[in-house]
Amino acid sequence: MIRVQREIFDVGAEMAALTKGRTDIGAVVSFTGLVRDFNDGSAVTGFSLEHYPGMTERELAKIETEAKARWDLQASLIIHRYGDMALGEPIVLVVTASSHRQDAFDAANFLMDWLKTKAPFWKMEKGEDGETSWVKERQTDIDAAKRWSADSQE
Amino acid sequence: MIRVQREIFDVGAEMAALTKGRTDIGAVVSFTGLVRDFNDGSAVTGFSLEHYPGMTERELAKIETEAKARWDLQASLIIHRYGDMALGEPIVLVVTASSHRQDAFDAANFLMDWLKTKAPFWKMEKGEDGETSWVKERQTDIDAAKRWSADSQE
Amino acid sequence: MKILYFAWLKTKLQMTEETLPWSEERPDTDSLVRWMKSRGPAFAEVFSDLEVVRIAVNQEYIVGNTALNENDEIAFFPPVTGG
Amino acid sequence: MKILYFAWLKTKLQMTEETLPWSEERPDTDSLVRWMKSRGPAFAEVFSDLEVVRIAVNQEYIVGNTALNENDEIAFFPPVTGG
């Protein structure tokens, strides 16, 4: 399940909804990305995310489908926000549920790595001086995403 | 932070409490273990966990300390229940917070693997016939824990 | 053809989208990029380093030169930084 | 010495804990286990396969034979299955 929204979301409520009423799920892993007050050593005072409506949903759906093909998942959820966000607010949530602990961990890790390099979102930060700047891609994110390509089923 | 308790806990509330008021945390990973209605192909109708009070807290604290030594963690939480639990209820929660996504993922994965093989808990399941049985250790858990020993700092 | 710009490309070009009439001079993405570079200093700068410009046609990333049709939606944007 | 039993050891021995007087016959964990085996059929069975019995002294796992003192807490239990 994927959702792209401007509104803030409640991590706990989303996780609870995914497993509510189910007694067949043994392991749930979540990743939450939050707006930090610093980045690369500089103070961040404001934060905004632009995205490409339409393509965002397509890419997230493709990534989720790939995760379901690679791991034994009973449920999964990706929520990604766009627009203005306050410091400390959640930006993204990935939840994976599986019978197997390692499947849930690996799938969540994979979803984040691929999302980081494929989903069309762009972060803009405001610094202490009030200047806004577009965040640059990180080599560590590129490298992290490549880990999953060696055993790609594509 | 570690907690060993009989009472049920609220995954979302625990996660929220860990990051509440903080704007320096970028990544939070959680693992939740739930009581399933089957195990190794057999139906499970009831569930109970015995533990070794005192040693449990010591082992969990040691495991958490080891994770903090290995990864850059801003916060961590381990909650483990004991006693009787209903199907679908949470058994264990591990939460890790870090500036770095991969640190949060790896630390949570490690905490679960070591907890599974070191923390003195024993599961008892009740089957469809009403018979109770102690759950046997799994080779996959032993192997999973060994992954983290190759680069052990001990 | 509908053209979309995102993030710093949008900021530099001061444009979020535009509609271009179909032209046989721009039958594919390579020729479209060449034409873009010729539009003026801001465009020349934005398209000077294609290493930092991603292209999507009809909301799919493209690999290599890609043929274009009249009703295509072409998007130019930097490497993504979400998550 | 305080002795604790957990999980199926507790079930089979029908005992969760007991206090043993200090004895020079049981100065370490190896001799304690030998003495345990001699206590009767249930004990002999429980301690027959030490591969599936873990030992903790004063709430710490032990490695190899370990010296015991009068006020020690010794626990016997199967491989753990929490989480």
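The letters A, B, C and D name the chains in turn, as written, and every chain counts its residues from 1.
Everything below uses one rule, namely that a contact is a pair of C-beta atoms (placed from the backbone, for glycine too) under 8 Å apart; a residue touches a chain by one contact, two chains touch by 3 or more.
Only a predicted model underlies this, so the values are computations on that prediction, with no experimental measurement involved.
Engineer: Hey, how far apart are subunit A and subunit C in touch steps, shortest way?
Structural biologist: Each step joins two touching chains, and the minimum needed here is 1.
Engineer: Please strip out subunit B, keep the others put, and tell me the connected groups that result.
Structural biologist: Connectivity check, subunit B excluded: A, C | D.
Engineer: Cα centroid separation between subunit A and subunit D, in whole Å?
Structural biologist: 49
Engineer: Please report how many Å separate the Cα centroid of subunit A from that of subunit B, as a whole number.
Structural biologist: Centres of subunit A and subunit B (C-alpha means) sit 23 Å apart.
Engineer: Between subunit C and subunit D, what is the gap in Å from one C-alpha centre to the other?
Structural biologist: A distance of 73 Å separates the two centres.
Engineer: Indicate the residues of subunit B shared as contacts by at least two other chains.
Structural biologist: 33, 112
Engineer: At least two partner chains per residue is the criterion; list those residues in subunit D.
Structural biologist: none
Engineer: Which chains touch which?
Structural biologist: A-B, A-C, B-D
Engineer: Over in the complex, which subunit A residues touch subunit B? Could you list them?
Structural biologist: Contacts found on subunit A: 10-13, 15-16, 19, 21-38, 87-88, 99, 101-102, 104-105, 108-109, 112, 144.
Engineer: Could you pull out which subunit B residues touch subunit D in their complex?
Structural biologist: Interface residues on subunit B, with respect to subunit D: 33, 49-52, 54-55, 58, 80, 91-92, 112, 115-124, 134-138, 141.
Engineer: Taking the touch rule as given, give the residues of subunit C at its contact with subunit A in the complex, in rising order.
Structural biologist: 4, 6-8, 10-11, 56, 59-61, 75, 77-83
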